[in-house]
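You will see chain A twice below: alongside chain B first, and alongside chain C after that.
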Partner chain A sequence: MTDPAPLIATEGLTKRFPVTRGILFAHTVGAVHAVEDVHLAVRRGRTLGIVGESGSGKSTTGRMIARLIDPTAGTVLLEGTDITRVGGAELRVLRRRIQMVFQDPTGALNPRHTANQIVGAPLRVHHVAGNRAVRVAALLEQVGLSPDLGDRYPHEFSGGQRQRIGIARALALEPDLIVLDEPVSALDVSVQAHILNLLTDLQRAHGMTYIVISHDLGVIRHLADEVAVMYLGRIVERAPAASIAAPFHPYTAALLTAAPGRPGAAHRRRILLPGDPPSPITPPSGCAFHPRCPKARVISGDPNVVPERCRTDAPPLDNLGRGRSVACWSPVATTDDLVGAAEAMSAAPDIARATSD
Partner chain B sequence: MSVDVSILESAQPPALGTGRSPAALMWLRFRVNRAAYVSLIFLVVLTVAAIAAPLIAHLAGHGPNDLYRTSMLDSFGNPKGPTLHFWFGADASGRDVFVRVIYGARVSLIVGVVATGIAATIGVVFGLIAGFRGGGLDTLLSRTSDVVLALPVLLFAIGLSSACSNTAQGCVGGAVTPGLNLVIVIIVIFAWPAMFRIVRAATLSLRESTFVEAGRAVGMTGRSIMFREVLPNLISPVVVYAALMIPESILFEAYLSFLGLGVPGTTPSWGGMLEQASQYYTTAWWLMVFPGVFLLATILAFNLVADGVRDAFDPKATK
Partner chain C sequence: MSDVLLEIENLHVTFASPHGPIRAVDGLSLRAERGATLGVVGESGSGKSVTFLAAMRLLDPATATVSGRIRLDGVDLLTLPSREMQTVRGPRIGMIFQDPLAALHPLLRVGDQISETLRAHGDISRRDASDRAVAALRRVGIPSPDERARQYPHELSGGMRQRVMIAMALVLEPELLIADEPTTALDTTVEAQILALIDDLRTRIGLGVVLISHSLATVSQVADTVAVMYAGRAIERGPCSDVFGQPQHPYTWGLLDSLPAVDGGHESLTPIPGAPPSLADLPPGCRFGPRCGYRMPACGERVPDLVERHAGHADACILPMDGREGLRRAPIAHPANSEPAP
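This part shows the complex of A and B:
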């Protein structure tokens, strides 16, 4: 991408999960297009936020970057080196540089291991020199836990404390990059802020790079320098966190109005997208968003009609300058009445038929 | 049996839960079950007695194969019942039934523990590998276990034991000698598939858990994840099922010995004693009652302990 030396970058990252039918004689009948042609780049010490609703492929993207699943196509570059096909001992070395924090802090910790064992595991696996007990105690302290609690089991901690243990484990190897997959979505709102502040403080102290995956724009805005919005496996918009509030993609606009506590919430109405996201097994033709897109209806002036181009051609992610890019044939203008268009779509009786082909 | 990862966090009052390992918590819950606790004490006493059998025989003054034809057989050659010196009476050869019952506990406990231990180990290791690795190895192991489970157990056991008892060398080049070894081998052959299935199924679900993925993210090898991450979470189903396998193994040894296919007559075993007793039960009730009661009590005790263990692992237990 345009950044001179990104720490981590992806080019054309694609993941398709085969859909098989039959038990005895299983055969592939299709594929879930989880991630399609994703280009990303994050500079060292910066934070990229990936936002999208469930099923948008954001977690799959994060797992591919962390090398937990293998991409179908495309490459992952760490400081310009292709790490997509690295395996075996080389991959184990690579794990020291890329770590992951998981969404479900309860499931991510082995219930049969103590906090000390969990946080010490990366040190043991990678034969890190030095006194492991001392290092583990320091790590627990760093994430705001008393080292006295190290002998306790996960079930004796609260959700927030468990996530702190998960973060301490990710920190243990002093990685360059941490992929945070929904780091606070399983936590109480009151605890979320503490964890977010902890993540900010740790980044400031260690200069790590973050990739934060969340469905919550508030979380993304709190942590990220840059935001990538995903819809149905594709990036539809990228923008600096500061300017995402003025979106170019109609889907981003809808996401923004859906986020609680958004700026100007009192006088802005929500854009309620009709229907559910289409199946990623049979993604819509052209722009994947066109069946639910209010902007397309603004252009056509009819809630049942989508412009030809939106239905036939997939829009590329166009660079608009100043760090912004959007994949839309007619980006949102401030004068567009997207709320009204979305409401008209919901009211239109044959919307499902009109958008299904 | 649930292998839910949050097994111990529910229904546990914090005062009891804090600072204790899952094992300590389980012991607390186990002790609440009075029947299981008493059964465990009985089994401990029985084990101590079995280990100290030579000492008990020495104190009683009769060895397990010492014949007291003149004192303990009447003039018609029939055995005499319990006396002050022969607590459980004598058998048809004039041997002390009490001493033989204590020695018989050795066979039952060895078979129960050793056969179950070997079968459970095989089942756990195969189940872990099949469940975790999947693929052709899984297919091979799963189909093998299906075949074993489809075999007619008693018929096969009778055939195997007669084939291996023909000569003192036994079969498989002398690896399986007649007697206790053969009994253990037969039990292991038929007992491992059940454990294998349980462990494989549990591993299949654990393999998808986030902490396994976290292990990979940290850089653990597959083997390390299998034995350090997955195996500790299998403890509850494995222990519970192994506890149930022990009485089954003891009973199976008794069947085999009753049929004359188990341990030789010179080694006292409860099954073998019951077989001899079957010829005299109209006149000598003590021959059947004492080994029978001990067999029954031991089976019952193991089953109750197994129940207690299962309850102790159950997160929904009220106590």
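This part shows the complex of A and C:
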């Protein structure tokens, strides 16, 4: 399943956030199962896209890989070395190799620092030798900003320009891996395209490795070589970007048809999933997707009935070859029957009630 | 046989600012029809939200100057006394916004918030109002509406909250629903549900809908007609399939070419060079001129009017009609391929 020599890999990566009650006598009453048993591998110079809705655990996964938060279980391997538990000087070295770009460029930049200070900060913190001013100017130029603008503060830039500053800062230490968490979600369409092209050009020029996290399948498919689809903390499907359009997991199928296509393109029939993604505090038994799954209803032939195995056993992520894997007891062969099954589910009041918490 | 419900004619909205007047809407004309969805697309600052805030008379007269006509069924809303405006806002035009959590009162049960709307607009008993609130929740597809009515906004998911907003906007049975970015804060699968709901209500009760969105893809899914806005003006408008199928304005081309396709590959995107102009300092002539790859000297002379070229399909561009399609694929020259300093 793993490539011969991935730059970065995760094994059984898991994160549970405790849920506490009370202030003075706080006690743990449960856990948010944010990420459960995630296995990933990305080769050098490639891009992995992680797609999922809010609460799917995609950002938490990215943050664990960047060592911004510590996993509850599992490991993150950088060129085969476990980086999950390194600290002190070793961690400082690690920080130079993995950088992160955030969704909200305004929140991620210190409003009291100039662009020069922001982009130069990693060089200062890590005592990088050389003329810092020259290096900062070169970085700004690389991301398409004139070095003359270096004395300005974040509020003097447009949203797209701020995201360029965030990218320049991530590039400063010449990292091996950049984790990009929703890098263009906060930007207008025409600005998005500039940033997407910039990311592609930078990768080509420096052979960098990306992990791109987004809710937008269009963005993911544009940037990524491989796509991982997450639902409620687990990877439900992995596929080369070119073949995700023929999904094996019913959730991927629904996501593909729900994502608005390019205007003017023929409209596919949408698989309208009933309800909302369930709470990760009390994930459903068995396959977490079963309460909303149209495929389970196709099998049972009844919108109110789910096959027992889907309700009791969580399906493992099975390797199907050709870089594809899926976690489903009965992978999708055709999406045609899913549209009708989803409609029948939405019309069945019990299901609508059970899935809308 | 068009059945015009809302007609906006030569609308201007200007805000006072220390940097001089900001022309947020500058000569806009649009119409929304009964039982149809008008999609209004544009990037931030294009004036799409301000236009409909002006239509609802929700702009502060102390800072915003509004001129032009906004007619609902022939009656000009801009000259209506504010008392009468209260019988329009709610009973005749409902409005929903992007963030339902900010639009709902956090300390009131959602059912009470809906019945409050009913009681503010009519002589109705507490009990009847709460029954109608539950019915309104049922109509927007909320399961167990009587239980949900007793819950607080924080107990509901984002999709449920947006359904509550729609129920509240529709409880007075308005003819027009203005939905300002109703799905932007929602997850993809939930967005699809909400769009399907709005579309279903439109066909079932003949509601006129104005869908304001930055997302061309969202608008293209449900709109009958589309208006593309840029720097306070509509630069293209027409039937949805025409505007997205045979777009005529270079800005619309640019928007469409900027989109990564869900079913596309890694090919490089063609972004629009430059950034939108400052509304306090608009360029002479065509507002899009400085960023346009097809700019001619005449473009800087006067603001081009929106001219209807084919049945219902209008654009505000002075390029000759012959061979526009060919031009789209071969821009003459891009002035600069990055955003200039503000």
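Everything below uses one rule, namely that the second predicted complex is superposed on the first by the 343 of 357 C-alpha atoms of A that agree within 3 Å, B and C clash if a C-alpha of one lies under 4 Å from a C-alpha of the other, contacts with A are read in each partner's own complex, and residues count from 1 in each chain.
The rule is simple: a residue touches a chain if its C-beta (ideal position, glycine included) is under 8 Å from a C-beta of that chain, and two chains touch if they have at least 3 such contacts.
Since this is a predicted model, take the numbers as computed values, not measurements.
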Fit-or-clash call for chain B and chain C when the two complexes are aligned on chain A: fit
Touched partner set for A:P147, first chain B, second chain C, both or neither: neither
Greater residue coverage of chain A in the superposed arrangement, chain B or chain C: C
Which of chain B and chain C A:G30 touches, first, second, both or neither: neither
A:L109 touches, of chain B and chain C: first, second, both or neither? first
Touching partner for A:A66 - first (chain B), second (chain C), both, neither: first
Which of chain B and chain C A:E156 touches, first, second, both or neither: both
Partner chain(s) touched by A:D276 [first = chain B, second = chain C, both, neither]: second
Partner chain in contact with A:G45 - chain B first, chain C second, else both or neither: neither
Which superposed partner A:E53 touches (first chain B, second chain C, both, neither): second
Overlay on shared chain A, then closest C-alpha pair between chain B and chain C (Å): 5
Touching both chain B and chain C, residues of chain A: 156
Parts of chain B lying in touch with chain A, wherever the complex brings them together: 5-9, 12, 17-19, 21-22, 209-211, 213-221, 224, 229, 232-233, 235
Residues on chain A engaged by chain C in the complex (per definition of touch): 53-54, 144-146, 149, 156-158, 160-161, 188-194, 196-197, 200, 215, 217-219, 221-223, 241-242, 245, 254-265, 267, 270, 272-274, 276-277, 346, 349, 352-353, 356-357
Residues of chain A defined as touching chain B within the complex: 66, 68, 91-92, 95-96, 99-100, 102-104, 106-113, 121-122, 125-126, 151-153, 155-156, 166, 169, 173
Complex contacts: residues of chain C adjacent to chain A: 43-44, 141-144, 157-160, 187-193, 196, 214-221, 241, 244-245, 254-266, 268-272, 275, 338-339, 341-342
